[in-house]
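The same subunit A turns up in both complexes below, where it pairs with subunit B and then with subunit C.
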Partner chain A sequence: MALPVAVYLLLVFAYPIAQEIYLSFTRARLLERTPPVWVGLDNYLSLAESAKFWLVIGNTLLYAVAANAIIIVLALGLALLLNQAFHGRKVARVVTSLPWAFPEVAAVLVWSWMYNKDFGVMNVFAGWVPGISENPNWLLDPWTAWFSIVLMTVWKIFPFFSLIILTALQLIDKELYAAAKIDGAGSLQLFRHITLPGIAPTLGIMTLLITIWGFRRFPIIYLLTGGGPGVRTATLVVLTYITAIRSLNIGLGAAMAIVGLILSLLITVLYVFVTRRLGQAQI
Partner chain B sequence: MSDVPLVRQFSDSAEAQRLKRRAQNLRVLGSITSHTTLLLALALVLTPFVWMLATSLKPEREAYLIPPQLFPSRFLWQNYTDALFKYYDFFLYTKNTLIITISVLVGRLLSASLVAFAFARLRFYARDVLFFIVLSTMMIPSQVTIIPLYIIFTKLKWIDTYLPLTVPAWFGGGAFFIFLLRQFMMTINPEMDDAARIDGCSFIGVYWRIVLPLIKPALVTVAIFSFMFAWNDFLGPVIFLRSLEKQTLAVGVHFVNATASPARRPVITVVMAVSTLMMVPPTLVFFALQRYFIQGVVVTGIK
Partner chain C sequence: MNDRRQAGVSNLSRRGFLQVSAAGVAGVTAGSLLSGCAPVAPGAAPAVVSSEPVTIKVMSWWWVEKGSDVALRNLVEKFEAAYPEIKVEEVSFPSNIYEDAQYSQMAAGKLDADVMHTLEGTGIKLIEGGFLEPLNDVGKSAGIWEYDAITKIPPWFWSDRSNFDESPDDSGDLYVLMFNTAQDGLIYNMDIIEQAGASLPETQDEAYELAKELTDRPNQFGWANRHTVPEKAGFFRDMIPWLLGYGGVYADGQMPTVNTDAMINTLAHWRRMYLDCFPQGSDAATFRRMIAEGKVALYTDNNALPPNFFNMNPDSENFIRSAALPWPNRKGASFPSYWAWPADSPPEKKEAARTFLEFWASPDNFKEMTWARKDPPMIPQANTPEYLDSLPWMSGFATTDAVPWLFVMGGFQGHVEEFRTIVVEHASEVVVGTISPEEGAQRAQQGLEVLADQLFG
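Presenting the complex of A and B:
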């Protein structure tokens, strides 16, 4: 039984990665008949020297940290609220799952329209903020472009995350709360000692998935800003696509992809390490 | 009266009244805060949908008002018929997308569950190492493999066919799905399999007759994820498909954005109508199966 699995792994996972690693040491261009030329570490060296590349690495980490932190806090807050009994709770739950079911590509069309400099509805909201007197140049100014990307990402991702946390919340034994209350625990203590440990495994694995998916998230950024202005909002994935597929420079693109791979693996190892430390090994 | 209950006596004291009032005030304050927060969150979630629907029903001229107006002067349903029949091969793209989505779905359910079964139930050399390798591929950005895959598919002469988009799903269906199903299978008591084995059931029999029926929530989860991923995939069709008439909805939507009007500029009202239409199938699938779906995800996270 081991043999088929191993062969399958080799074919579907290992071969493309091996090929990619090989390409990252070559000068190769898409759609050319000449075979790749071995150039050793040249691609990696030129990446290390490129200020643009380091900016993009910074962007990638910034995007992962900023967007995910907001997503986790909002999702946890919303889940705790939805876990209480109130009128219209069912409706609220249905509404919160809408963004996840909405195709990313169509969502980008809607958001770009909302971010339209002249006619977008976001200008109306911006007008409510004191100190903003004219329409922001939403997708063309680096800072507002980042704001726009993060806002849309949060909108798209946090409802789903919060739905998952909500389900985990509901699986916590209600008697635990009752017992703790009799022992005189306050609501902060209840949260700290019952709620948080109860949802920690779910929170952990979802945070890992969201971080990883954040690294590879493509349409939102690529279709919203194209990574621009310049590469100010490009993440590694976007720059890799632009380099390898649009500029046809496969060798350099492959080197970028391998850097992305190493980053993702580092995060996973970090995650496994932290969860082992906290005594709730997942994997 | 001397036989007033003790509780009553206590609750009548001034100190108790004060405490009670304070607790009540706190509760009211808390409930106001939480309801406000909830309303704000729902407003954030709903704004794009409201704006999309509003724009999709406006005459084009009214979409370009400053300041923007929410309600159209009249509902222009023609935007939807334009989206469906005039500017855009909506039904062709839908058919293409469905062909891809369904073949991916079937392949993924069968192959991912089979691989997951091997990892969950069979003992073989280096199983856990292999599983860890599969898991780590989950962390690989698709951009890493897309270039080698492009080269492989070019050599196979598969470019501009649906094969690059569908065949991989029949080979394991992706690490995430294997992981999800394997986690779920681990929650099932293996004594069931043993009993079936003793009664003469083969491994495949155990897989098909015992394990598959028991992991239905996980299978539904995989089905929904798979449907969403395939339905929404943008990079895959853009890279592997060339002909316009083979394109999917996700990519087609962007062509309509570019060429929707005779003047070859996007008619934003039609674009919003298309976006609305594109949202319908995944939303229906999601809500029909939501209950199983969440259960599947959570069990995966807990075990």
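Presenting the complex of A and C:
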């Protein structure tokens, strides 16, 4: 039984990763007939010396943190709301999950129109903000471009996150709430001592997942801004694509991909470490 | 750049321009090509080996380009009626991502096509990667071997590409068939210019001043060109005539030349046009629609664009006209497009694909496609006075001193994608003002010198 699994893992995971690691130590160009040339750590050293690369690493972390923080807060709020008994709750659950179900590329095209400086509907909302007298250049000014990317990411991702939290909320034993209320607990205390511990494992694993997904999220950023202007809105996966596929420098691109893999692994290790420490503290 | 490279169509009449409409690609002398190449009967098609129905995939942006889509589907319908044993399947990508799609497929090692359209930069990669089959026999048996459609094809599409300055040798292999060529000109809205009482600009500064005066955001824009990173290929391409107008090129041999005054001037010009004239952030699809609707006054692009506007809005045929490029040397680029024959199809599909190519290239069908798309005629059969007189919007393009655009790339002709990625990365920062034109040019130069070192040692 283990053999097919082992073969599958070797073919689908181990071999491509090994190949990627090998390429990251070579000078290799896509679409050229010359074989890769072993260059040792050259690709990694050139990344370490590249201001552009560090800017992009910063972008990646900023994007992951900013988008995730907003997603978690909004998703939690929405899940708590949808967990309440109210008329039309089922319809509300369906409607709020629509952005997640919408095809990503089509959604980006619609959003890029909404962000048009002259004709986009987002200008109407911007006009409501005190101090904004001109239409923002949504996708070309670096800061508004980041805002636009994060906003669309949140819109796309948080419904899914909130559905998962809603599921976790519904698994909490209702009798716990009843008992706590008899003991005089208020809403905040109920949330802090029953709800939050009840959904904490789900929140933790989902936060880890959306962080890793955030590292590799491509269509929203690439289609909205192409990583530009310059590389000011490029994340690591976008720069990897530009380097390996657009600039055809597959060796350097492979090194970037390996750095991305290491970053994801580090976050996973950090998550496991923190989870264990918290678990021990609770014991 | 030698004279033959940039020999173009300056001082030609409109009809003269159309008659040598591969203009930008001029410079490639034809004589040596022609000796001993007797064409077989036009339209003659080889027998398809298999009796089973064969489906061939035809990859083109025409499938999704208004006007061209109908022209191509009509041709395919006629083809399938003539060859019921062959079916055509459409493979389409819009023109703005067409080259991206071909690059991605090349990177994956397999093209999803048995016949396809290709453009210059990608074409070279396709040949170098061994993805294409020679098309000599197709051009000869279709009966177009001695026409502009063949003789104006530049040397880099022939098998002996060791010296781009030399004329191709007819003993070598030809890897593409040209279906049209387009060259730059100034496209303008006649109504807007007349209502403003303005005259057409003759210098870059006049162009900027007029465009600024005609800009009334968001109702009317003085100028539109591509300027965003998601449209990298278009951004890079749209700067070419301006770079030529300022007297520059992107590279001289294997040395990038993007830190020259010409490039700095081009970047500075893009910055001021962005600030005062462009519909900021709008992509080509959006601003071309605006041009067709009469909301943009001026625009530099090639002669393939007006028919698109007419398809979007038939009324635009009354107000869209072309004029000389607004700089003294009148230099602009020419952009041929080609059919190519992928090498890795199975034999029965390859033969069917050859049949399709010969059918398309036969003079009658070639003419029909030329007229349907309002292309400049590449073969004499399409070059009738009635046809030429039906294109009043074409005259301005004839004044351009056309340079085949790949010559702008110097020795980087086979590395356009890598090159433009670096240029646009920095040009996009200049446009939005995060760095100066001088700094952008210098940074791009540094990046390109590293690239040159990697490519050429």
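Simple rule for what comes next: the second predicted complex is superposed on the first by the 279 of 283 C-alpha atoms of A that agree within 3 Å, B and C clash if a C-alpha of one lies under 4 Å from a C-alpha of the other, contacts with A are read in each partner's own complex, and residues count from 1 in each chain.
Just so it is clear, contacts are C-beta pairs under 8 Å (C-beta built on N, C-alpha and C of every residue); 3 or more make two chains touch, one makes a residue touch a chain.
Nothing here was measured: the structure is a model prediction, and the numbers come from that model.
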{"item": "Partner chain(s) touched by A:245 [first = subunit B, second = subunit C, both, neither]", "value": "both"}
{"item": "Touching partner for A:215 - first (subunit B), second (subunit C), both, neither", "value": "first"}
{"item": "Touch count on subunit A, higher of subunit B and subunit C", "value": "B"}
{"item": "Which of subunit B and subunit C A:237 touches, first, second, both or neither", "value": "first"}
{"item": "Touched partner set for A:38, first subunit B, second subunit C, both or neither", "value": "neither"}
{"item": "Which superposed partner A:118 touches (first subunit B, second subunit C, both, neither)", "value": "both"}
{"item": "First (subunit B), second (subunit C), both or neither touched by A:261", "value": "first"}
{"item": "Contacts of A:106 with subunit B and subunit C, given as first, second, both or neither", "value": "first"}
{"item": "Residues on subunit A lying within both footprints (that of subunit B and that of subunit C)", "value": "30, 118-119, 223, 245"}
{"item": "Residue ranges of subunit A touching subunit C (in the complex, touch as defined)", "value": "27, 29-33, 112, 115-119, 137-142, 222-232, 242, 245-249"}
{"item": "Contact set on subunit B toward subunit A in their complex", "value": "34-35, 37-38, 41-42, 44-49, 51-52, 55, 63-68, 115, 118-119, 122, 124-127, 130, 132-152, 168, 171-172, 175, 228, 231-232, 234-235, 239, 249-251, 253-254, 257, 268, 271-272, 274-275, 278-279, 282-283, 285-287, 290, 294-295, 297-298, 300-302"}
{"item": "Parts of subunit C lying in touch with subunit A, wherever the complex brings them together", "value": "103-104, 106-107, 125, 128-129, 217-218, 228-230, 232, 279-283, 286, 417-418, 421-422, 424-426, 428-429, 431-432, 434-435, 451, 454-455"}
{"item": "Residues on subunit A engaged by subunit B in the complex (per definition of touch)", "value": "1-2, 5-6, 8-9, 11-17, 19-20, 23, 30, 74, 77-78, 81-82, 84, 86, 92, 94-107, 109-111, 113-114, 118-121, 123-124, 127, 155, 159, 163-164, 167-168, 171, 201-202, 204-206, 212, 215-216, 218-219, 223, 236-237, 240-241, 244-245, 250, 253-254, 257-258, 260-261, 264-265, 267-268, 283"}
